[in-house]
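Structures given as structure tokens follow.
In what comes next, chain A is part of two complexes: it sits with chain B in the first one and with chain C in the second one.
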Partner chain A sequence: MKRGIFSAVIMICTLMTLGVPNAVMSADAVRGVTDSEILIGQWGPQTGPAALWGTVGRATGVYFDLLNSEGGIHGRKIKYFNRDDAYQPMKTKAIVKEFVENIGVFGVVGGVGTSTGMAVRDYLAEHKVPWVSPATGSSHWSQPFQKYIFATFPQYHQEAYVLTEYAVEKLGKKKIAFFYQNDDYGKEGLTGAKQYLESKGMTLAAEVPVEVTDTDLKTHALKLKESGAEVVIMWVLPKHGAIILGVSKAIGFSPQWISCSTLSDPDLMFNVTKGLWKGVMYANFVNMESPNIKKYLEAQKKFAPNEKYTGLFFLAGFYFAEPMVEGLRRAGKDLTVDSFVKAMETIEGWNDWLGYNCTFTATDHQGVKSVYMEQCGDDGARIKITDWLVYKGK
Partner chain B sequence: MVFFFDLVIGGLAIGACYALVALAMVIIYKTSEVPNFAQGEMAMISAFVAYALIESYGVGFWTAAGLTLLFALCLGVVLELAFLRPAKNPNILGLIVITLGAEMILYGLAGWKWGANQHPFPVPFSEYGGVTYADVIITEINIWTFVTSLVMMLLLFLFFRYTKLGTAMKAVQQNVFAAKAMGIPTRRILTFTWGLSSVTGAVAGMLIAPIATLDPNMMLDPLLKGFAGAVLGGMTSLPGAALGGYMLGLIENFFGGYVSLEFKSVVAFAVIVLVLCVKPSGLLVRHFERKV
Partner chain C sequence: MDMKRDYYEDIQLFRTKTVLIASVLSLAALAVLPFMVGGYTLYIVNLIAINAIVAIGLNILVGYTGQISLGHAGFFAIGAYSCVLLMVKGGVPFVIALPAAGLISALFGFLLGLPSLRLEGPYLAIATLGFGMAVTQIISHSEFTGGHMGIEAPRMSFGPFEARTGPQQYAVIMSVAVIMTIAAVNLMKTRVGRAFVAIRDSEIAAEAMGVNLSWFKTLSFAVSAFYTGVAGALMAFALEHVSAGSFNLILSITFLAMVIVGGLGSVMGAIMGAALLTYLQIKLQIVQEAPLIGPFLLEVSKRFFNPAGLANIQSIVFGAIMIAIVIFEPLGMHGIYLRIKRYWRMWPF
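So, the complex of A and B:
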């Protein structure tokens, strides 16, 4: 009996390993492209500590549904696979293996998380899988140059650079403190701020790190207060942004707060902080004045009516996928990985999307380098306070 | 000097929360020798229930708080009946794993019901204003946290000292077999222990929620710190656990303020290691050797 089961398992395994490549790799076909379909995947945290950002992957799904309902791209519909990695790199690895070896996707889009993305970056490159818009501002996506990755999230250090520049030159402040998450995310921001200040012969008034799990931030607030900072730039989780504002107010410390684009949903932040977020300045890279927004929110009502949250992170799901679709359009009917990469590299100064001035070249795949700033108004209203700020550092 | 007193206030405020979490853990640990790892999520769910009552059903804060404590009592009782009691020939490790399972279920449940984003927890007192004395601000919420935790500790003390049920619980803690022989329904007492611990945890949850913003991960850090506080003071001593919680809050804040912010959250675990090396049963517990 046991032997019977054993041989059955062996047979099934053999059939599976033989069968799968046959299914997806017949003759000179391109992986993930058929006459009627293009297969595209995305991972993201649908559950777990970062589940708020799971909305990105679902929004991308709405975008593809909208495209398909309009006829698709060159007669091909997009078949979309959205998988939950719960923000755990081990799971991301398994998902990407499934994407490449079982499903056979043409490319991947988005993907929230720096460490989750880093866990699969080299594997994707090895299998020549185009990856458009990793959904974090880490510099690892475009430095060193990655042929198959196209980054559209402004890099954290570039963003911090322009925000610090704004604080010094436009607000005329000299004492600037930096409150950051003690990992790659926060530290890249810190590097950018320091880089700008060094170029002006200045230094930070204080560098205050916070651990992801910390909940009691009183000491952090006291340190910031002690430094006498006029401006505090934060590179933290929404939760820590909310807590630090509360405890700072409780110890009578109220500088001008400036935040990274990861906290660019004023409505959400105003609500969580019970109104303290008013007056906070933050970076944003999604063009809220784009006519596309209305169209996308209508699509959401049609294709995902149960979606509770349709704020900035939801719109980012469209933002991340738009350049990929543009590339697929430009690549034409004869779609291959190489033709797609070439087509992406023709995108120059492109503005017909939710972002600004997207440009890819054969040597630089960091497509977006600018953010603009908003300030939170009454009831979490967005007040645009700058035009696009372009990174001019090295 | 203002900085020093600010650190003291901050340390005591968060220490009061740690102390309550530590007490909740010790109440269960004393009776069954099981550290309950679901404690944090039980408190988190209770805080969410209070939030839902206030925000969605428009119940007043104090009524909501009362109803939440009642809910917490039921939650503790149900968890014990549904998860721990059915365990066959339970050993300590098995029971710990069961509490871990319960923790994951509650965590998933909260994420599914209320989502992963932060919620503002409404409180009827000011989080920013309060008493100012020589430039040191003590906010109303700080004062409430001290008062509530002290009242809770006093109530627990009176309960164990002067009520029949409390005395019965102590008897079960000291010797299950003798208690059984004296006619005490030990299983029912154990179930009630869970209820009482859950109520203590819920108070901690409602005090932490306005400070930490309410989300499913809210109790992750306070639970670990509360546990560390309990180990510091002694896992089998209620006053020890409370003292441990307060001390940990202060140690953490002073370390963060004067030594290194980067290692502030690690210091709690360094304390655990140190205590386990030097005085394994905790500061306030007399060490005893178990004889077979």
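So, the complex of A and C:
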């Protein structure tokens, strides 16, 4: 009997300690802004099936640490809240409610995941929370126009459009096949490729969908081979990219492979395909030649020395946060949500970051529409093969 | 001290005055809650209420009837999608769509119950597991359900009244939860509930007493699915968006964990289990901000694990709770509650 009471007491104590740390929202004029601090939040999967992407949120933390060590923005330090939603919309919503109603953040940045983001998009809009750089290429962030969302991830359909354009005009190929994941991610890519080809009166040689759960891609490879495609554009998961290359090689099919920016880590892909990735062209939107990269990697050594992976996803954590910081700088000392939105809309052709030509206008909040292409060289080296390719479709 | 002298004493809802007073007081507490706390806390309470409905439903199947299910995320998804689709594509009002979603889910529960007549233990677990996964696969590949992107849920509405704000949503969700809890308590005192328990204790004995095994087993699946379906529909509105990816195997297992932690075969236990696990799921993400233990854990994690280490504390704590419950307290939180109650009943002496 005593044991029962004892365990109950312990349980109650634990719950109370966990329950205490909810910061009380101050009666400040602007939510999340004090004389010395700006409160910013991000959610992302630190655990669960997509935990690999958790590095984005941690990298953003490193970026803010770096900024704070340099004195912050207009005398204000950034206070950053990085939360784990385990890729579950239910938790994302809880996190965002906590951000807005308990902590009272000024804005949110990044946020990996389309379905998790969609679960909170309207809630954030309702509470006028600025959201910079949702971390997927879905078109839902800028269409229809969202006043408080600033998207910096090139949309998948825009990216597919410029990649197809490159294959046709620069490589001079006519037979182009599209290999895509059978969901919104793949289908948005497919739409972009078709859009370009239709404008030239052409059609795809083959459209081959793959299911997320498929592992045997032999029939897919055969279909691609039968179409006689000279170029195959892929919009798939890394594992499918690796498998299709192996299977195609086995049946003697070797077109020029072009891949979406989600597979733009040549080092990783070269290793998992045991060298087959060499020669594959892929899109990238993080400027690897930017002088900022060196600075950021040094900051990582200083603020997060345990971070093992510092590849593309890690840099993306910086990429997503940079435009927000630029907006905060431009908004000046008198920071409000409206002054921030106005300041963001003055960003035009901005290049002092890891991206290219960031432009927001009062009617278009899709800031980045360009990618450039690289080719995988020996041992997974990056070889830059094009300059920035700008999306010129509708 | 717990002696009953006639049948009606056994089936009444409130056995003593204390129980009646306690129930009325807790209902009153639930009623004033939205005036006391902020939107964030209210959302967590909403999640707890929704999960409690699922846990009660799953407990009817697992705790009372002795069947197992690893596919309740599937019923949850069916409930969520049918309610939203009925409203968006069918123009059905919320008041009708909510029970309809439960009934559609119950129909699937009935169908899944049929194989359970021949399957037992691990085989049934695998069959239900397959069901749960098939549901999400089908939903995510159908254009009608919005594919991988899911669909946005409309507002809960009663004629001209729309549940927009947190407190309004709370009012709807909590009312449904309370009604369904009372219904479950009552169900267990009827012939049907007793038949479920008889099946759990011994199928052969139950059959010998005249319990129709095939009817009551499938019925148990259907009732359980009804509860889960209604909870799924409420979840769709709490999230304002449904997508297939969120109804995964982990969710099914979390539901089962709620029932086991709370206590098998007890409505009260199911509610406690749902409350504890939901609360921990949300709060353990921010354990690093808790006073004293937070910085300590953060330091341990930084020194000995990789940077993502602390985030995984949730799995560790959940695992530890499950193991502790199974070893020390097989009746779960409900067992602890019973012992405390017994202790205090004798208190002054």
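The working rule: the second predicted complex is superposed on the first by the 366 of 394 C-alpha atoms of A that agree within 3 Å, B and C clash if a C-alpha of one lies under 4 Å from a C-alpha of the other, contacts with A are read in each partner's own complex, and residues count from 1 in each chain.
Operating definition for what follows: a residue touches a chain if its C-beta (ideal position, glycine included) is under 8 Å from a C-beta of that chain, and two chains touch if they have at least 3 such contacts.
Small disclaimer: the values here were computed from a predicted structure and weren't measured.
A simple residue count on chain A separates chain B from chain C, and the partner touching more is C.
When the shared chain is aligned, chain C comes close enough to touch A:Asp122, but chain B does not. By the document's definition of touching, of the two partners only chain C reaches A:Asp184; chain B does not. Of the two partner chains, both chain B and chain C are touched by A:Ala51. Using the contact criterion defined above for the overlaid structures, shared-chain residue A:Ile95 touches chain C, although it does not reach chain B.
Touch criterion not met for A:Pro154: it reaches neither chain B nor chain C.
Of the two partner chains, chain C is the only one touched by A:Ala304; chain B is not.
Contacts of A:Lys239 after superposition on the shared chain: chain B is touched, whereas chain C is not. In the superposed model, A:Thr114 makes contact with chain C only, not with chain B. By the touch criterion defined above, A:Pro130 reaches neither chain B nor chain C.
On chain A, the patch touched by chain B and the patch touched by chain C overlap at residues 47-48, 51, 54, 182, 211, 213, 308.
By the touch rule above, chain B contacts chain A in their complex via residues 3, 6-7, 10, 13-14, 108, 111, 115-120, 122, 127-128, 130, 137, 139, 141, 208, 211-213, 215, 217-218, 220-222, 249, 252-253, 256-257, 261-262, 264-265. Within the complex formed with chain B, the chain A residues making contact are 47-52, 54, 182, 208-211, 213-216, 218-220, 222-223, 226, 238-239, 242-243, 246-247, 249-252, 268, 271-274, 308-309.
Those residues of chain C that touch chain A in the complex are listed here as 38-40, 43-44, 47, 137, 140-141, 147-150, 152, 235, 238-241, 243, 245-246, 250-251, 279-287, 289-294, 302, 306-308, 311-312, 314-315, 328-329, 336, 339-340, 342-343. Contacts from chain A toward chain C in the complex involve residues 1, 3-5, 7-8, 15, 17-22, 46-48, 51, 54, 58, 83-85, 87-91, 93-95, 97-98, 100-102, 114-115, 118-119, 122-123, 138, 140, 182-185, 211, 213, 304, 306-308.
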